[in-house]
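Worksheet: the structure to be examined is printed underneath.
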Amino acid sequence: DFLNALQEIIPAFGASTDDLERCRLYGIVDCGGQHKHIYKRTMLLAEQVKVSKGSPLVACLLEGPSGSGKSAMAASVGIGSDFPYVKIISAESMIGLSESSKCAKIVKVFEDAYKSPLSIVILDDIERLLEYVAIGPRFSNLISQTLLVLLKRLPPKGKKILVIGTTSEVSFLDSIGICDAFSVTYHVPTLKTEDAKKVLQQLRVFSEEDIDAAAEALNDMPIKKIYMVIEMAAQGEQGGGAEAVFSGKEKIKISHFYDCLQDIVRY
Amino acid sequence: DFLNALQEIIPAFGASTDDLERCRLYGIVDCGGQHKHIYKRTMLLAEQVKVSKGSPLVACLLEGPSGSGKSAMAASVGIGSDFPYVKIISAESMIGLSESSKCAKIVKVFEDAYKSPLSIVILDDIERLLEYVAIGPRFSNLISQTLLVLLKRLPPKGKKILVIGTTSEVSFLDSIGICDAFSVTYHVPTLKTEDAKKVLQQLRVFSEEDIDAAAEALNDMPIKKIYMVIEMAAQGEQGGGAEAVFSGKEKIKISHFYDCLQDIVRY
Amino acid sequence: DFLNALQEIIPAFGASTDDLERCRLYGIVDCGGQHKHIYKRTMLLAEQVKVSKGSPLVACLLEGPSGSGKSAMAASVGIGSDFPYVKIISAESMIGLSESSKCAKIVKVFEDAYKSPLSIVILDDIERLLEYVAIGPRFSNLISQTLLVLLKRLPPKGKKILVIGTTSEVSFLDSIGICDAFSVTYHVPTLKTEDAKKVLQQLRVFSEEDIDAAAEALNDMPIKKIYMVIEMAAQGEQGGGAEAVFSGKEKIKISHFYDCLQDIVRY
Amino acid sequence: DFLNALQEIIPAFGASTDDLERCRLYGIVDCGGQHKHIYKRTMLLAEQVKVSKGSPLVACLLEGPSGSGKSAMAASVGIGSDFPYVKIISAESMIGLSESSKCAKIVKVFEDAYKSPLSIVILDDIERLLEYVAIGPRFSNLISQTLLVLLKRLPPKGKKILVIGTTSEVSFLDSIGICDAFSVTYHVPTLKTEDAKKVLQQLRVFSEEDIDAAAEALNDMPIKKIYMVIEMAAQGEQGGGAEAVFSGKEKIKISHFYDCLQDIVRY
Amino acid sequence: DFLNALQEIIPAFGASTDDLERCRLYGIVDCGGQHKHIYKRTMLLAEQVKVSKGSPLVACLLEGPSGSGKSAMAASVGIGSDFPYVKIISAESMIGLSESSKCAKIVKVFEDAYKSPLSIVILDDIERLLEYVAIGPRFSNLISQTLLVLLKRLPPKGKKILVIGTTSEVSFLDSIGICDAFSVTYHVPTLKTEDAKKVLQQLRVFSEEDIDAAAEALNDMPIKKIYMVIEMAAQGEQGGGAEAVFSGKEKIKISHFYDCLQDIVRY
Amino acid sequence: DFLNALQEIIPAFGASTDDLERCRLYGIVDCGGQHKHIYKRTMLLAEQVKVSKGSPLVACLLEGPSGSGKSAMAASVGIGSDFPYVKIISAESMIGLSESSKCAKIVKVFEDAYKSPLSIVILDDIERLLEYVAIGPRFSNLISQTLLVLLKRLPPKGKKILVIGTTSEVSFLDSIGICDAFSVTYHVPTLKTEDAKKVLQQLRVFSEEDIDAAAEALNDMPIKKIYMVIEMAAQGEQGGGAEAVFSGKEKIKISHFYDCLQDIVRY
């Protein structure tokens, strides 16, 4: 069936483009049921676009807290699909450009996509594309109008397109009507204790007796912060301990781990 | 009489312009009494413009929730009328243009219309033409002033024009005085259970025993979302099922249909 | 005496300029006592400007609901007076111009007027000249300042000028101090039942027994909407009936008339 | 003594510049004690500037309701003084100019003034110079900053300058700190019944028995509106009566006078 | 010791630059203890800059009501110090310049100062440099950012600088963080009755028996207004009396003095 | 171990770049435990960046009151690390530049950093880089968007970077989402009595019996203000005493010290 096992696909990701790969620096570990469910559903949308005659344009939004793995998920779908055109639109490649240049770049990606029979366009970190800032709030209306039109404009006859957006500011996007322009929205969550435990088991940096306490302390953290605190803790109190930990020779001291967690949660 | 049966006209639509046709991608199915009533009344306005001497300019607004079929309705009137000049003004063809270029394009369409004895101009998605965003709110006053004047300016002697506007932000348009510039306003509604049932019966994707439950679940949905959820559900849980469903070999599983509906209503 | 009968003057209007005539598309019918009173008083102001030595500049504002006949009234005074220079300044002829170009055009009309011994300048739809929109509110301060100065600046020695403004946003104009710049302000009202009846009697589109009910239903409507609803109703339910009604062969069916009234009042 | 009788000076006004004269179109009539007091005091300030060594720059503000005679008063002081340089800065001569051009013009007048040993500069209608509008409020900060600096900057050694400002928006000027930049502020009032009576006696347009009633009705009106209502009333109900009234052959009918007053006070 | 008597220094002021001298048009009279204290302390700061190795940049703010003598004080310190570079930055010399030109001028003064081993820079009337207006409030953020950086940026090695700011809008400066950029802030007050009396005694324009009453009436006035009211009163009620008063032949009539005071306090 | 004693490193600082040295004008004295703790932890982050494979980008924010020693701390880490590329981005070197030029300069530093295998970039006084002012508030969204992207963008493969930000407006940075872009945040505090005492003991400007009282009075002061008040007090009441105090010949008089403290705390 279409959704062949997630695992098999992953090694193949390496064959894909650099931009997508950079979104998954640590590779992909199992982050729990909800992450898997969203991945599966989004892959189904890609299939729908492919086989359906009535949906030449489908748009899907991945929203959730910062660092929860939305961009990695979107990149994985892009890599996992067999669509000939997969492109990520990200603010990183548009630093310092004027609003209208950004618009032009965004439009260009869509027009390129219209030339391929099947495309995936990833609008990564939409609030950043919109130059959003909470105070005011301020944002580029030029870009938001462009997105609103692009998310509704049908591709030319015979062409099909899946748009995947990611955002950590879903209520802002909602307030400017961009959420409504997506047919489907999925919430990518932080990790619960049990999910965190799974991750820690894979990483093997804690001793058996500490792993439950560590997972408990990591409850409700996004995957990104979990990696950060582990790297900090691995140094040890006086530094110099990381190699020993990651090579498996030593384990992280749980008390120092708690210390580092403090710094992360905002000292 | 003037309003010959709706059915006869529809096949003839194919002879019309591409832009109008693109507004009715799925063709036209019977969406219930209110949709039919509005179509009839708007066609009567077209006749009024044609025969009257005192109303060289009539403006009519179609408002209603996103995806309820307003643009399709306006396009159908344009195609159904026998007016020599029918033009749709849409934000899709003006992406990235400056406010003043948009204004110039809009004015140009009207001036072209003034050259024809009988014209229909469709202002599609007026809030998008105005670059409206709810926060602020912001919008182009340059364009709104232009529309306010164009909606009041009489065509030259002997020329007649029907303007049809569509919007899903009627309260905003009201707040800037644009609603008052339209003589008549019709509300294009979502589909009620009975209307949804009619649509489902035409599509034949549910088994007889599921059709009532499905229609019930679709109560108060715009036609566009009904199509979307059916396409999603037709894939089946593991993908790959769409062809079988649409060719009539299989039916949609009602439980999976409910699942998909969840995603649509905002997971 | 100066104010010779209103009726006599009207036929002579045809000799005047096109712009003024376009403001009175249906000709002028008797709209009731208040309309007549305002016309008479405004004509007296024209006389005052003509004969007085101390009032080289008089400004008079006509305000009232949209479609109540303000522009037609102002045009009628312009046509009815025997002033050598009568000019209407309207947003219709300035679509798409920049604020400063509009200013320049407005100033130009006044400077032209200063060359004539006696002039009437009509500032039609002042809120539209100001690009006013209720949200914000926004408007062109450049233009409002220009009007404030022009409405106070005395013409050169020996020249005299009557300025007539029209607006349906009198409270806005008041809030920016433009009302104070007019010496006199008249309220042009909607039609009461009795006024509406008079109009209907002149048009002869209802049977004798329906005319009172129709007039009652039209209570408190501006003249423009009365014309619109009659044109709509004259088509008949199935269309095609207008000619018969306006040639006097048939009458409007009162029940269909009520239906049409619904659409107008905002369905 | 310095303040020779007001009357003697007046005939000499005709020898002065046009701009100043245009501020006093009807000549000057006696408007009551407060007007006279302010004139006298402002003339004393001119003398102070002339003889003092410590006050090379004095600034005086005349504020009061629209039409109360502030500009006429300032012009009279300018004409009445024997200063070699008297200049009025008014928005009338700057219509349509950009903020910075207006600034440049204002600065130019001051720099010209600095070349004369004794100058009077009249800043007429300061709120208009500032392009003030109550909504917002909006105004030109460029111009307000310029005035704030000019009102404080000392002229070069040996030069002396009196600045007279007029405004009907004193509370606005206060809120932006411009009032504080004037050493002295005088309130130019409307006319009380007794003042109005004096004016009516000079004009002789009412019969003896009506004059008290008329003056009573004019209580608390600015001088400008008094002139306007008298001109209106002089026409008579049917027009054509003005000449007879002003030549003294007829008197104004008090009942018609009341009617006209209605129009003025805002119908 | 360093702070040799204030008096001796004053005559030497005449040798200094014009700009500084213009700040003290009437020369310097003794305004009471607080004024003297501030002068002494600010002179000490100049010494600190000179001798210390750790404080190459010291910034001191003089704040107080308009006309209280802040600019005169700052100029006096500049003149009284023996620093080779003393420069006043004032809005007077920047009328009509754009924000960025003003910035450039300000920066230029500092860069010039960095070339001198010891400099004093006076930022006179900071709110005016910032184009501050209370409504909004509005001000130039470009200039405020420039000041914030300049007030913190250390001069090059071996160079030392004292910055003296003056303002009558200290709470505004505080709200934009400019006060914090000054290490020390002194409040320059209005004159109390006893201070005013001292000033009046030096001027000798009142008779002995009036001087206490006059001083009492001048309680809590800034020095500038005291001078203004005395000049006004010196003219006498009919004008022409100033010379006699200042030459000592006559005294000011206390009743007329009270009258003039009224005009000053806002009539 | 990695964090060899703080003391040893300090003398070596002199070998580093001028910009970093200028942040520590007085050299470094022991300011108490919290300062030391933060320094140690930040050095550990530098080590983490160096040895880890999973954290090519780490960002750390130092926040605290003005003058508490944040910039000095960041500079010390830069000097103390052995990273080949250490650069400070400060508003001082960008006075008067446009927003986009500032952006370009900031981006340039990061792109240069990407060329080095190991870099430290110090974003000094982030609120000043953002041209922040509390009223409004106003700030450069162009620059804040640039920082948000740069703080998230991974360096090219094999390159590693530590970003250290400093700010005294942490709640503002939080409100625009910039705090979230830093993995770790440390609060750099004012000095408590005991910390102040340590500093005073090192400086030896008070007699033994005064030192406790002086330290008590300096409780909760940032290190910068402590230095300022001591310099002021060292002059003595009449000036001229600084040299004697700093050479150790005399001590500061505690009463004069209290006086000076008054001026500093806002007189």
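As written, the chain order gives the labels A, B, C, D, E and F, with residue 1 at the start of each chain.
Assume contacts are C-beta pairs under 8 Å (C-beta built on N, C-alpha and C of every residue); 3 or more make two chains touch, one makes a residue touch a chain.
Values in this document were obtained by computation on a predicted structure and should not be read as measured data.
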Angle of rotation relating subunit B to subunit F [CA atoms, steps of 5 degrees]: 120
Same-site or different-site touching of subunit A by its copy subunit B, using the half cut: different
Chain centre separation in whole Å, for subunit D relative to subunit A (CA means): 70
Centre-to-centre distance between subunit D and subunit C (centres being mean Cα positions), rounded to whole Å: 35
Touching two or more other chains - residue numbers and ranges from subunit A: none
Contact graph of the chains (line, ring, star, complete, other): ring
Partner subunit C, residues of subunit D touching it in the complex: 22, 25-26, 66, 91-92, 95-96, 128, 131, 133-135, 138, 225, 227-228, 231-232, 234-235, 238-240, 242-243, 246, 263-264, 266-267
Subunit C-touching residues of subunit B, taken from the complex the two chains share: 1-3, 41, 43-45, 47-48, 51-56, 58, 100, 103-104, 107, 137, 139, 141-142, 144-146, 148-150, 152-154, 175-177, 179-180, 183-187
